[in-house]
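Got a structure for you, questions after.
In this document, chain identifiers A, B, C, D, E and F correspond to the written order of the chains, with residue numbering beginning at 1 in each.
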Amino acid sequence: MPRYQPTDAMMLPRFSGIRTFARLPHVTDLTDVDVAVIGSPFDTGGTYRVGCRFGPAHIREASALLRPYNPSLDVNVYDYISAIDYGDLPVVPGFIEAAYDQMVEGLMPVLNAGVIPILLGGDHSISLAHLRAMALRHGPVALIHFDSHNDLWDQYWGQKYTHGTPFRRALEEGLIDVKRSSEVGLRGSVYGPEDIQMGRDFGFQVFTMDEVRELGFAHVLKMVREQAGTGPCFLTFDIDFIDPAYAPGTGTPEVGGPTTWEALQCVRALKGLNFVGFDVVEVLPSYDSPGQVTALAAANVAFEMLSLVAWSRKHR
Amino acid sequence: MPRYQPTDAMMLPRFSGIRTFARLPHVTDLTDVDVAVIGSPFDTGGTYRVGCRFGPAHIREASALLRPYNPSLDVNVYDYISAIDYGDLPVVPGFIEAAYDQMVEGLMPVLNAGVIPILLGGDHSISLAHLRAMALRHGPVALIHFDSHNDLWDQYWGQKYTHGTPFRRALEEGLIDVKRSSEVGLRGSVYGPEDIQMGRDFGFQVFTMDEVRELGFAHVLKMVREQAGTGPCFLTFDIDFIDPAYAPGTGTPEVGGPTTWEALQCVRALKGLNFVGFDVVEVLPSYDSPGQVTALAAANVAFEMLSLVAWSRKHR
Amino acid sequence: MPRYQPTDAMMLPRFSGIRTFARLPHVTDLTDVDVAVIGSPFDTGGTYRVGCRFGPAHIREASALLRPYNPSLDVNVYDYISAIDYGDLPVVPGFIEAAYDQMVEGLMPVLNAGVIPILLGGDHSISLAHLRAMALRHGPVALIHFDSHNDLWDQYWGQKYTHGTPFRRALEEGLIDVKRSSEVGLRGSVYGPEDIQMGRDFGFQVFTMDEVRELGFAHVLKMVREQAGTGPCFLTFDIDFIDPAYAPGTGTPEVGGPTTWEALQCVRALKGLNFVGFDVVEVLPSYDSPGQVTALAAANVAFEMLSLVAWSRKHR
Amino acid sequence: MPRYQPTDAMMLPRFSGIRTFARLPHVTDLTDVDVAVIGSPFDTGGTYRVGCRFGPAHIREASALLRPYNPSLDVNVYDYISAIDYGDLPVVPGFIEAAYDQMVEGLMPVLNAGVIPILLGGDHSISLAHLRAMALRHGPVALIHFDSHNDLWDQYWGQKYTHGTPFRRALEEGLIDVKRSSEVGLRGSVYGPEDIQMGRDFGFQVFTMDEVRELGFAHVLKMVREQAGTGPCFLTFDIDFIDPAYAPGTGTPEVGGPTTWEALQCVRALKGLNFVGFDVVEVLPSYDSPGQVTALAAANVAFEMLSLVAWSRKHR
Amino acid sequence: MPRYQPTDAMMLPRFSGIRTFARLPHVTDLTDVDVAVIGSPFDTGGTYRVGCRFGPAHIREASALLRPYNPSLDVNVYDYISAIDYGDLPVVPGFIEAAYDQMVEGLMPVLNAGVIPILLGGDHSISLAHLRAMALRHGPVALIHFDSHNDLWDQYWGQKYTHGTPFRRALEEGLIDVKRSSEVGLRGSVYGPEDIQMGRDFGFQVFTMDEVRELGFAHVLKMVREQAGTGPCFLTFDIDFIDPAYAPGTGTPEVGGPTTWEALQCVRALKGLNFVGFDVVEVLPSYDSPGQVTALAAANVAFEMLSLVAWSRKHR
Amino acid sequence: MPRYQPTDAMMLPRFSGIRTFARLPHVTDLTDVDVAVIGSPFDTGGTYRVGCRFGPAHIREASALLRPYNPSLDVNVYDYISAIDYGDLPVVPGFIEAAYDQMVEGLMPVLNAGVIPILLGGDHSISLAHLRAMALRHGPVALIHFDSHNDLWDQYWGQKYTHGTPFRRALEEGLIDVKRSSEVGLRGSVYGPEDIQMGRDFGFQVFTMDEVRELGFAHVLKMVREQAGTGPCFLTFDIDFIDPAYAPGTGTPEVGGPTTWEALQCVRALKGLNFVGFDVVEVLPSYDSPGQVTALAAANVAFEMLSLVAWSRKHR
């Protein structure tokens, strides 16, 4: 059995104990670790509502409800992987370039130990730091991007680093293997038709929500998988991909998105790809519902990420 | 016309008056009564979030919005049944075995008067008491169980009575006619594949949400109806069967469930079965949304239960 | 380029500035104006929860998230229309007949200037005033009515003017061209089968939600469009048409409604009709979720209305 | 022992049962009744936030926490008085003059039976109806008025009946024995110095909060008691008398008010006066805190009113 | 410098990292430890609102705002004591007697290591287990009890173990040195004059809130200190001692209590007493305000407890 | 009569219309303007909870409840000053040094027009920009600083510009006439005794809350006034000066503060000083209570600032 296991809810109630992701042990020694869940509590990149710095704590709280077996993927996660909660990356709020350096520096020991990170945001600006670290270790990665926005804008108010620009920077910095990359979920009012075209011009395979509704999730996901091939992949999941009825606690919600069930199906459909890292971003606790449905959705998304790694171990 | 009728909203506004279910009279004399709505405000069985003891009051508040005619079933409920709000069963919080005895004792006069109860919970542990009373009156009943969990675990932390174990106990006590029984809605991470297999091993017809999405609600409900046959049936509806976007106010929510419309269709599809009792459980007000959508969903579920009885009277 | 344009979010952040609809200029001079967004903050007609007088402010707040281009209709709205926020109609709370006079008086200069109003309510009683003004300018209009209720009752507690009666009065006053009119979305418990039949008896084309689910949105909307013909149309959108999971902040919610995506598709499907006015009503902020999803839904509905006008200008 | 007694919390838990005030029996027969708690769920008089129609239900919910003995007044309330929850007065929302007639008509049987009413509002406009009924039975009464506003304005927007005008109308109608009457608590920004002078010009003894802080509560209350004399008194308690930190759920809050402890001391200090009626108004649930502190404050104010009557019976 | 120190907020932002109390290290080895903060997440003893099992997590979240120096007591806490977050005691929810055994068993190693525990509840029933452990180690202790209730009732509904009875049981079991013990804060409606007399009859020095307001906090606390003498003391602080405006998130709030400033002064005034343990109980997160003021109050109370120990070390 | 006046609430209800501060006209032409209320929606300086960028909109919403006459200062504000809502200063979120430049640039035309600004924040970092502008126009100003923190730290995590450092920078830049300056309200746990000493060492007159409680507000304010003399003064009011029970919606709350009444008395006591500018900062809407008491407190603080200017005009 893998070394690190969650506290057994049948032994100690799930409402008790220090809050770590899925009740995994909080460990900073990376020996015998396959996957590390890591907070990335930075939110200075937000252009509208802010407060995603509390996202990791909020997701950890809801993740107490997770159990070890994933019936949809038929995998008992902790039979195949040793997983930990590594705590949070160091970040200085308010100074994005300095924080990027801290995040990369904090992440490299994890990657260098051969551990797959699942990063909990934080606003979407953090993904640039995540991708910088990924590329340092693995070279350019395929980006699989679920989001209601493309986050490919060049700048906001003359500034290059915000939560609306990370993938433009990542392209410029050569961090993304764009021909293997896809974007799914774009919707809502935008600044112009170029917002949708932009991704395609850069080489992404792009599916708007209108297109997803027309083609069906199964078809779209099949194309995403085929596009990604066998090289290293990074999955970035913006919680605003999900409809605000299911995930209201986010900074720039867009109505008209998928249900949580549809969203989880999207993640599950990626089984077998060669993931080297993941993030779940834009969870903003102070706008979540009293029942904390956004945190619960994000915790389940992260659990599907854990499950993808376990599935690959089970089937290799 | 049946003896007891709700206060007419066209005469007195629905926001006024003492809160009873659907503005029915609060009556404890069971003469001329067909159906009694009864609170069962017990929540000591909860293993995570608690507070369902306030569920009955919360559902009653939202039920003021209910009107008498059910267009989906084409029945004007109170033309066929005399219905009351019987108040709450007596319960001592904190002591589950003592409370079970009180609940059974409180329920027997209702059953012995030939009245069909619709019980408002309370956490799911209460259904064991409800089934004990049912079996005392009717012998073993077919259980039709909508829920995201199977509630068939043997114990938690060495304890036999919790909201995760009622149906295991009910099977052991011979309260359920399992070959006529079905479970619908299981989903989310579980402890292992045995969580799903368990119900089948006991003899239930089981449909996970993944299976429901694949087979379609119409097909699944047809099989539930056929399984149930003509004998006495008890319908237990855990509000966490419904997706947390539609019913956030509950103790152990699982993402990926049906919409309220789908859930109501499930209840309606059971028309014609021989119901001797119902419960709606796990409504937890302090986690509900400001708009109280969970209470509204539960009130509508209970109204469909009322409608099922009325439909049977109309068509007998 | 049309005269009035929203403040550019790429120049000034969307969280800053005085709250007007979609960050349009607040202007009361109607020269060079095509469409005016106008608050109608009246809620004395409410029969259950009240407080829609704060609806316009709430929608304006959420509307800061709107951007100019509508990808579903392929139209950059402000390339084709000059739009403003006209502020609110004057209303005296508590005195519905006096307020009706004020609203009509306040609206006529807008209509007489040839400006198309998009009115933000307020409870649904306001639509009677809106229709009176419409008819004064255009004669009877086709009513396209999305709502979970028919709002055609004759009276409540002996009173003729409430949010449940506006269209009965409008019919009596000859404001509606009923043979071109449709009602979509009726659902939930009602007072009797006549609630559904009533609209048909008056001459409306009526689709209940059960019928919409059976026939499909595309089919239903096609019939609504055909019914409406080429004459002047008024679109009234009660936010409770949308399911309470997506729009909880309303006064008389009914479970079992469409998603926001389905609801927006309904509005978009009406492109090409000859709209002379619109309203979005029954947004009740104090019951909205912390994430303000109802306001966001309503803002998007109003944006689709703006888009319909722009689409017609683009394609004429 | 008096005939009607609350349900014993030591027998049945306080969270259970149909919600009546202080768990008193809901009775409409006035035989053997000394005090009747009555809802007056009308809120069409509100000029800012509305929704006080849900005030009575909200106060009843919180009142489950009340116990029978008042240590500050040393009286076991139900040893001296037979008290009931009479339900709500009939009211048509939206039509204040019609509602006034209904309220007076609904209240007269109570007064004519010699029962002292404690009325739970509703916005402050209802006090005019309450005073009309009082005067019909007792002639003009001394008004003891705790409030942050004087509610003596002549009109709003040309309308004579709102929650800002009830006592001006009552003076005009001769319902108040003004020379025995007092107003305590006026504060906040007002329209001009006349707002404060107005009450004095009409003959009230007026204490602003600034004056109360300077003179001390004990002194002020002594003067209120002396002013009131031995004739019949009516106590009207606007919950916005209390500071919004302690009572946030109200329609027109004013910062800088007394604590709940100070407010309850004010009511207790009136022991021995000849009260013929009471009301507690302006509780607005949808703006209350999650812990429902406003409802709890109002329930305690009403309990002090019950205690005043019991104290008088004990000491007569 | 003492071995264990909180994470420095000037190095790592306070919003980041795994949530432990005051950002202290989560350690279960008791070597070199002076004080251990320990969760006691049990709430089956609650008789009204429940959910205090989430209290420890809620207090930990708010405690991130605590800094090391206490200016009122002039002590830099971690210069004098080595403090840790020990995690939570094991508890089975729903079975109070079994849980008591677990809690005592979980606490003894801490006491036997000479470590002073600060326990975070949990409802007040847990204090019986805490006192059992204290007495096992230290013999009977002086109880200093801040609370709006006396918690000395004999039983509820025939049950001996609830949050209203712990100190009656503790007296019966000889755990309390009652002649050195005090109760401060009793207020609100009670069942009868015996509720107040009861504590005195048992030998406690009792001060009701009315008495505290009359005598002044300084005088009352002086008497509490003198009563306690030099023997071992246990301080139990029910958060409902504080007024609900300052601490709304609790199960049985009573209006009319002290401010947070007054409450903290009460704790500070006990400096120099010989404390062997502390608890802070009845924090109920789901009723707390969005700003989480109750958790913040409780975290500060616990910090004052830490400060009392540090003060004693500084001045010994 | 001064040129600009608020919309008369007796003509148009206060819940209607575009939200400007106190319903003043939104004007950007500075002719005939005495005082301009201006939003400063920047929050990148926050070190814990963030989101004050929505503070100005939140305060404007609550300010609709303000009326023109201030009874405590006996001044009808708009009889003496012409006041406007100038809108918001331009700010780029996420880049504090760039934003400072924008804020100063945006503020200079106001100051150069001889208009007194009342700035609504935004986190406290903005005050550095405000003081830079003040000093450019007036030279060093006396700072009167109400706050629970000193905001004089040198840096956080190596960064010089945060909401904890503005006045250290202002001292270094020579913007403050420190010998005329005072700080009032410091409390809560701090990093060490130097946190309190620091202000004194820099030359401020400092009063902690403990000292204020001991000396009395009247005495303290007298000393603040005397210290300030007749030169130009700037008043900066951090809403966390007020106790979190009264102002929960803020980023770094500290329990144990003054009531709103006490806080308003503090501002009023400064009448007659030579104020050249004001700010109210740290209002964080997403943590405010449902009744929005923090916004109401802040709106009243700003109204007292308006009143101070009007009082000086009246009495000059």
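What we mean here is this: a contact is a pair of C-beta atoms (placed from the backbone, for glycine too) under 8 Å apart; a residue touches a chain by one contact, two chains touch by 3 or more.
This is a predicted model, so every value here is computed, not measured.
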item	value
For subunit D and subunit E, chains touching each	B, F
Winner on C-beta contact pairs when D-F is weighed against C-D	D-F
Relative to subunit B, chain with the most remote C-alpha centre	F
Approximate Å spacing (C-alpha centroids) for the pair subunit A, subunit B	38
Chain centre separation in whole Å, for subunit E relative to subunit B (CA means)	40
Multi-partner residues of subunit D (each touching 2 or more other chains)	13, 15, 47, 49, 53-54, 92-93, 156-157, 243, 245, 286-287, 289-290
Every chain pair meeting the contact rule	A-B, A-C, A-E, A-F, B-C, B-D, B-E, C-D, C-F, D-E, D-F, E-F
Residue ranges of subunit D in contact with subunit E within the complex	10-11, 13-15, 64-72, 74, 76, 243, 245-246, 259-261, 264, 289-293, 296-297, 300, 303
Contact set on subunit E toward subunit D in their complex	47-49, 156-157, 187-193, 195-196, 208-210, 213, 243-245, 248-250, 252-257, 286-290
Contact footprint of subunit C on subunit F as seen in their complex	12-13, 15-20, 26, 39, 41, 53-54, 56-57, 60-61, 85, 87-88, 90-93, 286, 290
Subunit F-touching residues of subunit A, taken from the complex the two chains share	43-47, 49-51, 53-54, 92-96, 98, 156-159, 161-162, 286-287
